[in-house]
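The following blocks contain the structures, represented as structure tokens.
Shared between the two complexes below is subunit A, which has subunit B as its partner in the first and subunit C in the second.
And now, the complex of A and B:
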């Protein structure tokens, strides 16, 4: 195994792969990345057993094919510290890799490929293609609401559902929920459901080009994004996604319309005075006026701001976790947002004032009951 | 020279608590050691063979006796320590009954070798059945050596009732330890079957105690001190959570005499309160100094029980001394505090009665870095020094001036939640996060009954739990402080724990708060982000008791640079 490659090309690949490589793992081999020199180029792979990325990069002077697992951190640091020059790699005896530049020579100890986990194989896989813009938007609008609670694993991912006439994604952690549905896109695939772990979603968002389409491969247990030279594979989260439709309120009859940016900055300021433990802020609604307030009984701080809004319901006070509320507001992308409310203990429905064509996007937040 | 020992007049005799003092070998040891101390010895050896039934020998360098006194000392009521009834009111010696040697010499073979400062020879007397059978003169050696052989040789019934040698030996050692602790300025040596078990140099009180304990316990003491009126107290108490499982180091001393007193033990335990976990027995060494005229040691022949004239005052002094001791910052192992500014501990400092003394943790710089940085792997050691590290997903490590601080994440969070929950129970204003997916929880009849008891309190903390058909409840809201998504497990765990803890003396509210805190807190093994660690530490320092969890386990351990340097031999 012998080849040479440009520093910048290699570094870019290593950094992308680095996103899956665990920094501390009970399985130390996972702290390595795999170099496979094939006839078409160099294939670099990293995995944490749940998510794997493989990238193919062009190399010069291909010699005999070969493979080796190398410590990810050392390699990345090493390549990062070099200028953009051509670097030669040569595999020597005993899994030692010799790295040569015009100035220096380095040896890295690697491990034989046999130690490295096998790539997962698909069975009965189906392929379909989605526009990059669509999938990126839908993932972005949902990922923030994914739960990190391991005791309810099904919530630990973005739920993706393909039906004959719609494509939808949902995420919830039991305190808030985001659901986005597109009716314009028809996937050439049988109806399916899956739960995608957030780590894979984040890496996918980094790898999705702005334009064009991406091919997805899917089977019972895994999903693969095929982005040109890079493939991202993820195991799917097992379990039944909860019946979220049931908890989306249909009878919220009070409507609050508010300027999104103004509310975001108010909530941000006021929440500085909220309890660090609960992040609780209070919205006091009265006709066409919204009072955002918080107090931290322990430190004795408090904040209050008044906003002009459109509100027609009876006066009401509702508590929210400021962070949840901010997350939601940041993801609604119109100038104004609409809150549909029922009571201080029921879910609020938040939507942008205008919908994209063929799209419906709603978010839900559960209140904090004021003591 | 005049004989100093006199036989007590009848009148005085009658006022002395009567009774047998020689119950077992350890009683002999106690009497002989006390005599040596009363004789002003500065160095005492105790030699024991066959768990005391073969030989008990005490050699001292005290004042010694004249040959006349030596002949008299084994008479009943022969003493040089009290002469009149009035003397009994102000006893300042350990002995005063003139009984001990008489009793011992009648149940064993005894030999006394004694010599005063300027005597030209020692007197050696051999006793049998209480009378002198032989008198000799030997070379002068200041002090007294008393050997007691074949204890109970003439009382086969008593001899038979002795416990196993190991038990008798244990009693002997414990008497020796009590006396050694009471008189740290005196050198003691204990030789058991030709093996030197203890060799104690003259020391101060604390050092003497540490010399007697294993060195592992050395770091865990808090000094206490208090004077109220005529009662003054000094002592050492162990930090809660030091994990002691036995009561053998729960000792009271009154005017240098080891005593037992259940009401005083109670005073100490009351002061520890909930800081102790179940089955934890703190060590304590409490030294009381009270004017001898305000105490009566003449209650029991072994003088181990005493009566206080001002018993309420003594009780309060003990309880308050311990309570104050447990409240001081010194309760954190060697926390070295530096005056400085930080935001995290600001609230804590504001609550502290004496913020200057407490100082503040210099976390500010570290806190600024908190936020975007990734979780740092403690092993890999990054280039910039990160503010917090998580060790084995269990401990939070951070540094303050000249030391490394380790925080147990679970107990830290537990303390935070406990105080929150208690506050909510008090003002009934628990804040609830409503759940999008209400959880129904199926219970068995027993669990359901327990939950029904807990329900009003749970709702005060911030749960909304509704009964929903037979043995089923629905959780609609949880306290905001709770981690996301564990409602069902939490409820079941809480029921279990509440059931186990029933009984106990704690108020229901405290129990509920403790159960909730324990079950809802992050666990050992939960990875935390830097931000979470920072916030946890912040909140911890705004609790009333950042150093101990509701069960009494320590939350913060401090490893000083000094200690670390020592380990590295610097």
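And now, the complex of A and C:
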């Protein structure tokens, strides 16, 4: 195995692969990345056994194909520290890799490919193609609500549902929920549902180009994004996604319309004075007025701000976790947002004031019980 | 002046077992791990007074206890039963004392400073409590009454079992002086040995050592020793004070490798911890898992959750998750432990969409707890889920 490659090309690939490589693993081989030199070029792979990325990079010269697993951290640090020059690699005996630049020569100890986990194989896979803009938007609008608590593993991912006439994504941690549905896009695939782990979603968002389409491959246990030179594979989260439709309120009869940016900055300021443990703020609603307040009983801090709003219901006080509320407000795209409310102990339904064509987008937040 | 009562149940776990089973009364009873004919590997949790005459005491390896008295009655720990009895006794304390500090299941401080007149004196209160524990629970307790917690505790210890010792202010020094220094708080084995090397064996001798000398030898602890030798202690009886953590452990009879057995044991431990947690109307933010391998390498890992939990299954989910991470290689396991900490009051707080379902599960847990309280720990148990 012998080849030359441009520093910037290799570094870009290594940094992308580095997103999955664990820095410390109980399975030390995972701290390595796999170099496969093939006739077509160099293939670099990283995996944490849940998520794997493989990317193909062009090389300047290929001489005898071969493979070697190399320590990811050392390789990335090394390549990062070089200027944008051509670098020669040559595999010597005993899995030693020689790196040569215009100024220096270095040796890295690698491991045989046999030690590196095999790429998962699909069985009964289906392929379909989605527009990048669509999938990126839907992932962005849901990932923030994914649960990080292992108590309910099925909630630890974005739920993707493909139905005959719609494409939908949902995420919830039980305290907030985001659901986005697109009816304009028809996937040429049988109806299916899957739970995508957030790490894969984050890496996918980094790899999705602004324009164009991406091909997806799916079977019972895994999903693969085929982005041109890079493929991203992820195991799907096991388990049954809960019946989220059941928790979406249908009879919230009080409407609050508020300027999104103004509310975001109020909540940010007021929440500085909330308990650092609960981040609890209180919204006091009265006709056409909203009071945002917080108090930290332990430290003695307190904050209050008044906003002009549109509100037609009876006066009400609701407690929320400020961070959950901010997450939701940041994801509503329009200048104003609409809250549909029922009572201080029921979920609020939040929507932008206008919808994109063929799209429906709703978010929910559960209150904190005011003591 | 303060008046503090310390109530300490006599050989609590063993006495409950003897009370509930007439056949083992007046016999040496050891509550703890399975002795397995002398090869058992856990420890003694409690020993009846009959067992103590054989030199058996709590925290001793169960195999040693077996050697000392193989014909003793060895019983497993039934924490839930002891909890149940304990809450009954603690409730009784609250009838007489405005401030009660439960130190453990079998021990509490009562501050009766304000109410003595109401109940015609602290002695009267303590007598009544002792009598009611005997008549209502058929158990004996040792009681100490003194001007502070240090002396009250030493007083209850003084005449165990079934003791009743009053140390009024004017007799403090008379009470303390003849006692060995090891009877004082803060005098463990190491301090005891060092004091003995200085020729100090009794509190009277300790009192003769200048404060400066004690501080230079024992540091901060030296200052406390000087105070304790004079019966001085101003630590308050703290009602709000409660356990900072709750945990249960299990030592396997032989090093365990079967994943199903281990998972089931984690489930049973989670159930025990959950029961104790819910019984105190608490929730926990942190779940800890302890794992000891056959070579005694011991790992403890904790997981903190965003929202406090109290359900056994939530504790189990976290514990089993940690176990999976700690023992990927499936090494043989000697001991496992499940614990919770960062405890808080239950109720209120962040609501969840799936609360209906949660409430159902919480209700189920409370029902199981109720059955256990009424019919004993083994009346109902969760089946393993593999």
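Throughout what follows, the second predicted complex is superposed on the first by the 371 of 371 C-alpha atoms of A that agree within 3 Å, B and C clash if a C-alpha of one lies under 4 Å from a C-alpha of the other, contacts with A are read in each partner's own complex, and residues count from 1 in each chain.
Keep this in mind: contacts are C-beta pairs under 8 Å (C-beta built on N, C-alpha and C of every residue); 3 or more make two chains touch, one makes a residue touch a chain.
Just so it is clear, the structure is predicted and the values come from calculations on it, not from any experiment.
Asks: Using the overlay on subunit A, decide if subunit B and subunit C clash or can fit next to each other.
Replies: clash
Asks: Regarding the shared-chain residue A:345, is it in contact with subunit B (first), subunit C (second), both, or neither?
Replies: A:345: touches subunit B and subunit C.
Asks: A:26 in the overlay: touching subunit B, subunit C, both, or neither? Say first, second, both or neither.
Replies: In the superposition, A:26 contacts subunit C only.
Asks: Looking at the overlay, what does A:81 touch: subunit B (first), subunit C (second), both, or neither?
Replies: Neither partner.
Asks: Per the contact definition in the header, classify A:177: touching subunit B only (first), subunit C only (second), both, or neither.
Replies: Both subunit B and subunit C are touched by A:177.
Asks: Scan A:366 for contacts with subunit B and subunit C and give back first, second, both or neither.
Replies: both
Asks: Between subunit B and subunit C, whom does A:242 touch in the aligned arrangement: first, second, both, or neither?
Replies: The answer is both, since A:242 touches subunit B and subunit C.
Asks: Once the shared chain is lined up, is A:276 touching subunit B (first), subunit C (second), both, or neither of them?
Replies: So A:276 only meets subunit B here.
Asks: Of subunit B and subunit C, which one touches more of subunit A's residues?
Replies: B
Asks: Contacts for A:151 in the overlay, against subunit B (first) and subunit C (second): which applies, first, second, both or neither?
Replies: both
Asks: Given the touch rule stated above, what does A:94 touch, subunit B (first), subunit C (second), both, or neither?
Replies: neither
Asks: Between 78-86, 348-356 or 510-518, which run of subunit B pushes into subunit C after the superposition?
Replies: 510-518
Asks: Subunit A residues touched by both subunit B and subunit C?
Replies: Touching subunit B in the first complex and subunit C in the second, residues 148-149, 151, 172-175, 177, 242, 247, 278, 321, 345, 347, 364, 366-369, 371 of subunit A appear in both lists.
Asks: Taking the complex as given, what residues does subunit A use to touch subunit C?
Replies: 26-27, 148-151, 172-175, 177, 242, 244, 247, 278, 321, 345, 347, 364, 366-369, 371
Asks: Show me the residue ranges of subunit A that touch subunit B in the complex, using the header's touch definition.
Replies: Those residues of subunit A that touch subunit B are 23-24, 73, 147-149, 151-152, 155, 172-177, 242, 247, 276-278, 280, 298-299, 319, 321, 345-347, 364, 366-371.
Asks: Which part of subunit B faces subunit A closely enough to touch in the complex?
Replies: Within the complex, subunit B touches subunit A at residues 347, 374-375, 377, 379-380, 416, 420, 424, 427-437, 462, 464, 477, 480-481, 483-486, 489, 535, 538-539, 542.
Asks: Taking the complex as given, what residues does subunit C use to touch subunit A?
Replies: 303, 305-307, 309, 314, 317-318, 321, 325, 328, 348-354
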